[in-house]
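Next, two complexes with chain A in common: one pairs it with chain B, the other with chain C.
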Partner chain A sequence: MFYLSLFFQYASQYLKTRLTYRADTVIEILSDLLFQAVNLIFILVVFRHTAFLGGWNRDEIIFIYGFFLVPYAIFSSFFNIWDFNDRYIIKGEMDRILTRPVHSLFQIILERIELESLFGAVTGLLVMGYSIVNLGLTFTWYDVLLFIVMVFGGAFIYAGIFISIASIGFWSDSRTDIMPMMYNISNYGRYPVNIYNKVIQFVLTWILPFAFVGVYPASYFLNREEWYGYAFFTPVMGILFFGIAILLWNAGVKKYRGAGN
Partner chain B sequence: MNVIEVQNLRKEFNSYTSRPGLAGAFRDLFTRNYKVHAAVDNISLTVKQGEMVGYIGENGAGKSTTIKMLTGILTPTSGSIMVNGMNPHKQREEFVRTIGVVFGQRSQLWWDIAVQESFRLLKKVYRVSDEDYNRHMGHVIETLEIGPLLDKPVRKLSLGQRMRCELAAALVHNPPLLFLDEPTIGLDVLVKLKIRKFLQEINEQYKTTILLTTHDLTDIEALCERVVLLDEGKIIYDGKLNQLQEHAVEGKQIEFEFLSEVPRSSLPRVENIQWEQKDATTWLGYINGDEQMVSRLISDVVQRNPIKNVRINEVSTEEIVRKIYEEGMALT
Partner chain C sequence: MSMYLEMIRVRFLMMLAYRTNYYSGILIYSINIGAYYFLWSAIYGGKEEIQGLSVAQMTTYVAVAWMARAFYYNNIDREIAAEIKDGKVAIEMIRPYNYLGMKTMQALGEGVFRLLFFSVPGMIIVALIFPVRFDANFTTWIFFFISLIFSFIVNTYINLLTGIMTFFLFNNSGLIRAKRVVIDLFSGLLLPISFYPDWAQNLMSYLPFQAISYVPSMIFTEGFTGEEIYHALLSQAVWVVILLIPIRLLWSQAKKHLIVQGG
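Showing the complex of A and B:
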């Protein structure tokens, strides 16, 4: 309860500052939109040359992309920890965090929220809407609930992986450049995993399970029954990876060495 | 009651040395030369409620590392710490609600938002009730004279203004124990005086215990009865400031400025006095003895030589501390 009210306090403060820098915010939203449009155009271009990709047609791939945008938007709004090592460990901001009576990871999440990224979820819903119409899909009431569960599962997988990587910073004070690489790998989850070779499929399923953010859960809504097992595993993977990340983080904080003055 | 109880506290850091050359860098990839370095080396310390303690030492002596262990930021390698009856690192979230921390070189406030918004966020973070906040902070804001700054964003404040706001921010939850790590660094004399006066006030009013590190020893002289001196991670002195002065200074220094050049031979040759020439017409006399000897020396010198100015120099704490570190003076 306390954490929730703290969240709203920070969020309202965030909106207040955002409103004073309006132009900035608009430009950020527009550049996000542009980025998403480029990705969409890429899919469209690919399907001018082929009708199927690993057994999936154009509209299904577009649906997967649209679905992926929703958990990704939640992740990038609330888990901006890609620069954690630079900002908090090397610059020593972690000292300040640790002198306050709130869980350290939660404080960092609060300080780094970027609510305008949630706009990506709207784009995602629109993209999905477009492909739903083309594919003539129908849904029942509990599909909405499942959708929410899957989205949060996916966002937690993302968060878990990135928090785990950020935690490495507690042990090694050398700068790690894994973060940008991880953003690249995460993009593979937007496409059906069966188009990749077996090793990459395995990695995307069990080691860096980005496939659970896009293709696996989306296959449920596309009625691809052969993937249902994976689809329903999405929330489990989310809880598992997020849990591991929190444990890693808590262990890391004990190893925090601080920055010199 | 002891607010801080520290026993045999030790913090080690592993650092590695890199080998020279390309071949060396290649070997470093596989095996590194680790070196264990104790930043804080078995210190023991107790601080009672209401004390103001100056914690001094050179850069790298281990001051900040000690403070970071006392505030729960770092985990000690060994030894025990009890602060406000809690183990800072183990009970971090509960513990930090009972302390206030100011790092002079790092801001606690949010850069982009108005000062009072920062206070409001902190009020929420520390779960301070409206009543307590208004009663307590009204007073703090008034004494630090930051009322007119409250609606300005932090980035528009001068260093002196910001520092006063930082201090206020550390007191939002009215903590019984305050850690100040170089709170007056880079500030002008007026702001320093204001901050010192304020610290004395809260110390009297709330019996707030204050642990202060600073490079400006005049801060310590103005505020602290007790000093703890640290060198290479070890405590080399812990006691009253005036005792440190008595211990460390053998006698006094008298500066004679003559009208014309004076040779060494025309100065009195007495035991217990050492002469040092500052410039052509100025001599410094170091005298090891009491006031009587001082006045005898002055009258002796003045009778023989036409004089322009005589000054008896008090040795400042700064000089004492410099002497201690340079000469490795043993103090017990």
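Showing the complex of A and C:
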């Protein structure tokens, strides 16, 4: 309960700061929207020249992209730890965090919250809506529940991977470029994994499971039964990767000695 | 003149000192090229060619487009924005050189560095992994390098314009981000312009963006031949001249408008 009230206090403070610089916030949301539009335009233009992409048609690919946007929006609103090493370890901010009686990761999540990214989820729902109408898909009441479970599964996979990488900072404070590399690899997850070769498919499924954020869970809602096994595995992978990340983080905090001075 | 050459040299040496930072960059670009390679292979499926480009040409297009990006890409818009915000620009303005000229020279130093230490080794690595073709003949290479220089100038001008906008907007990180996305899409980095519907191609022919990536990549993959090459190079040259006008105008306005925040 204490954690929940902390969350709301941080969130309301955050909204106050964002509303002070209103123009900047609006431009940021618009540029996010533009970025999402670019990916959509890419899909639309490409499908003028082909009917299928690895056996998936235009509207299915659009659905996968729309689905991907929802967990991704949750991830980028709450897990902005891509600059953890610079901001907390090298600048020594971690020391301040550790003196407080709240779990360190939770504090960092609260400090780096970026609620405006949640607009991406709205875009995602609209994109999915467009494709659902075109494909004439129908859903039952429990599909809504499954959707929520899978979205959180996907967001936790993203969070797990990025928290694990941030934890490396506890052992080595030298600059690494793994973070930007990971963002680029995650782009592979936006498209059906069957277009890649076997090695990349394996990596995207079991090692850096970005496929569980897009194509696998989306295939359940697209009634692609050949992928159901993977689809239902999404929440399991989410819990697994997030769990590993927390363990790594806690081990890292124990190991943490500060960056000097 | 020698002053500006010195600026190129200093920036080049500065980049050289941090060269290890760029090895991972090569890997990142290879990852991106890989993603688009598989994507395009799936898009082609069994097709021989789309819009006059074969799969092999498309793969080369993607690889060349990304490696050319390493040359023309720079962050001077961000740098200008930062210098305006912390007031450093006021000091720069009283120094005996042209501020925008200095920024352009720094960008060039960065570009030359990336061309030698990023694009060349990157190309070799990419050519080992993916079926990229470098058997273009000598004249094609010459045309490619000419158009690459134009693409650097056009991109740098657009960055200068975006940077100068900070004088009027104060905080333009959103604009800078938006500009980057627009350039990725409309320059032909992600998609050859010829893939777009006709109305969009028409619209884009009035915009400077395809001078940045589409023209050099098409020249290299020999998607442009004969007359088309000269037309493309001419259009780049025209943009190099036209874009100078808004830069001049905004810059003279900006000097009157200067408010140093803090500083």
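Following the convention adopted for this analysis, the second predicted complex is superposed on the first by the 261 of 261 C-alpha atoms of A that agree within 3 Å, B and C clash if a C-alpha of one lies under 4 Å from a C-alpha of the other, contacts with A are read in each partner's own complex, and residues count from 1 in each chain.
Basically, contacts are C-beta pairs under 8 Å (C-beta built on N, C-alpha and C of every residue); 3 or more make two chains touch, one makes a residue touch a chain.
For clarity, every value in this text was computed on a predicted model and none was experimentally measured.
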When both partners are placed on the shared chain, which of chain B and chain C touches more of chain A: C
Touched partner set for A:140, first chain B, second chain C, both or neither: neither
First, second, both or neither for A:42, with chain B first and chain C second: second
First, second, both or neither for A:13, with chain B first and chain C second: first
Contacts of A:99 with chain B and chain C, given as first, second, both or neither: first
Which superposed partner A:5 touches (first chain B, second chain C, both, neither): first
Overlap of the chain B and chain C footprints on chain A, listed as residue numbers: none
Chain C-touching residues of chain A, taken from the complex the two chains share: 21, 23-24, 27-28, 30-31, 34-35, 38, 41-42, 45-46, 48-50, 52-54, 175-177, 180-181, 184-185, 187-188, 191, 195-197, 200
Partner chain B, residues of chain A touching it in the complex: 2, 5-6, 9-10, 13, 16-17, 92-96, 98-103, 254-258, 260-261
In the complex, chain C residues that touch chain A: 21, 24-25, 27-28, 31-32, 34-35, 38-39, 41-45, 47, 50-51, 171, 173-175, 177-178, 181-182, 184-185, 190-191, 195-197
Residues of chain B defined as touching chain A within the complex: 13, 59, 64-65, 68, 71-75, 89, 92-94, 96-97, 99, 101, 103, 105-108, 110, 112-113, 117, 120-121, 124-127, 181-182
